[in-house]
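The structure that follows is given in the form of structure tokens.
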């Protein structure tokens, strides 16, 4: 059998360069975070710290802060994706908090999830709406004006 | 075995009330359409005219025209959903044309699909980007400024 | 940037025409409902009443009551879809109750979900079977004859 | 590192017992097949004959012939699954032929796919309808009565 | 309407031949099982014994024991599939136990799920990692070395 | 409405640091690539160069080269994911070439896709097998020994 190739391992996530990348991402995450993200990252620390590192350094540092879309626009795309994927209610909950935090109104969030029904069906839209309802209830944002 | 229940059939899609609903939806569709929708609707006429009717009457008349989100915001949600679903490149192509038509720039569309990579993975993001590339090429919109 | 188009908002869901549409759908839903749907609709009332309206008016009034398939046939299609989508156990639970209510037997429901295994894999079939088991247990329908 | 366990390999698909299992499945497949399946099975012969064997022996011999649902009911479940999965147009094409062959009418097939729109969204329903349209066109079954 | 075809039902799962097939599969399952599978199979006994039979006879007897891949390789494929499908956390939990049992290390499992992030997105990778964390916690395998 | 937060944009992908990250990833990609990747990256250059950059810098530089799994193991996970996602045949084609390149045999690849059938269903397994068949045919690797 052919031997698989080998390569240099990546820089340690504890190297100064990677810590600097992480810090840039963490600044973005803190600016948009609706309060749930730190607990998720902390929960990864004893099992997959590299995954946590790259969510922050790549996802927020490299991508989220790019100038092509503002945070409200990014959250609309994200709400669409998470609703369509299904089974990602924990992440949707985080992103509904983030959506509120960057200035989307409860009405806009509900409208995005209602809009989703035509594109990915009522069942997934319902799962997303009931996820939003839990977040809105906890923040005293119910009822939402139609 | 229990007999399944029976009910009144719905109003004909050719009834005056349904034609009025259709006309309201068609006005919305025409306002946002990037040029591909009429061919899709026409292609349904000999196999599923009711489906075409409801896409227009319900999807555009009842939902798309609701005031909670503007068309650019709706397209961002839709781009997220169609990228995440996968296998919906024909519909994504229609919606990339619609996105341009309602004023999203090529840069914003590319950014939405690049943003999607972190949430639904690089393969689906690539499928969406290459769909956008076909639309942009046909409209003379390449290269897209990064 | 191009301004997004604007349009007339849709008829209010509280207009006489929309209330009549809703009533037609509610009659269908009541005829097929296995007992779970009203609670779902009620749970939407303070967050997404328009979504609840359209599930009833469009989903049941416009589509479910069409004469091309009887309710048992529609439920078989729905069981297939919800099993394949995954992550829609709450909706599958509602639809297993509905399936029983329109006259599908527990054996037919189990057979549909067993059949699904070859088309969408054992894991999703198992999720669906265990959802059915919860409904059957609550109705005293276990064990199911093989 | 723990050594992975080893076990007896399964019976050869060329053993008399497996050939008998295959023959039972092939009889079922032939009875329901709409004409596309043999070409699919043949196309597997030089790459994955075991997969072809098990689709026939397990999928048709063990499951499809079970008495709990008749072939029309099984096809309704299958149409729902394949529409919801997305990206399975080649298999959907086979199963639309099979659906016709076991007695579902074009109207029932179209109705199943129209019904699907509410549960998995318009884009996937459209993909399925256009797949059906190709089969119906080839069989001279267009236009379909609404 | 055309009558659907009818066929011989399959051999009973209680026939000697099927019991022998089951026994071969059960030997494989027992060899790789991380401890959760028997409870899943037992839970099917009063609702879908045929599904349980075929998971064992087909899934483990016919497929898992084939010589083309060893159990560790099969588990890597399975971890990839279950992470990508989403909504299959109960099955993923079973398969993380199985993965440990066939000799994959916690580090290899975490690495497989971290690798998955690029291909199916961070949200599904996170769901899988937190499922692994529950299994590792119950087995005293935390923290996992990065 | 709350103003969305703003942040520093990320480092340019043309900065020395990002070019160094890219070079590390490109070395990994070149070592495992089965010949298709450069064309994909080149095709992104006029529409989404940042996406191409991050696939290489993050996907290959940061993740693929991590020591926890060797390339053959990573490819098994990837084959599972891409088969399960569906609709990603272009990416699956690239990764079947990569799988061959890192030393997985055609038999192992076919076995992985056959194994997938039980976990995500025959239709998606068939799509993956026929994608593999195209790659194997082009490389003169047919028939594959069962």
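A, B, C, D, E and F are the chain letters, set down in written order, and residue numbers restart from 1 in every chain.
Convention: a residue touches a chain if its C-beta (ideal position, glycine included) is under 8 Å from a C-beta of that chain, and two chains touch if they have at least 3 such contacts.
Please read all numbers here as calculations on a predicted model, not as lab measurements.
Of all residue numbers used at the contact between chain D and chain E, over half are used by both chains, marking a mostly same-residue interface. Per the C-alpha superposition, chain B sits rotated 180 degrees relative to chain C, a value rounded to a multiple of 5.
Between C-F and A-F, more contacting C-beta pairs join the chains of A-F. Inter-chain spacing, taken between the CA centroids of chain A and chain C, is 29 Å. In whole angstrom, the spacing between the mean C-alpha positions of chain C and chain D is 24. Between the CA-based centres of chain A and chain D the separation comes to 38 Å, rounded to the whole angstrom. Shared contact sites, meaning residues of chain E that touch two or more other chains, fall at 50, 54-55, 58-59, 63, 66, 81-82, 85-87, 110, 114, 117-123. The touch graph of these protein chains is complete, with an edge between every pair of chains. Those residues of chain B that touch chain C in the complex are listed here as 1-10, 17, 24, 27-28, 31-32, 50, 54, 58, 61-63, 65-67, 70-72, 102-103, 105. Within the complex formed with chain D, the chain F residues making contact are 86-87, 110, 113-114, 117, 121-127, 129-130, 132-133, 136, 142-144, 146. Those residues of chain B that touch chain E in the shared complex are 117-123.
Chain E meets chain C in the complex at residues 13, 40, 43-51, 54-55, 59, 81-82, 85-88, 90-91. Chain contact summary for the complex, chain C toward chain D: residues 55, 58-59, 63-64, 66, 68-69, 73-74, 76-85, 107-108, 110-112, 114-120.
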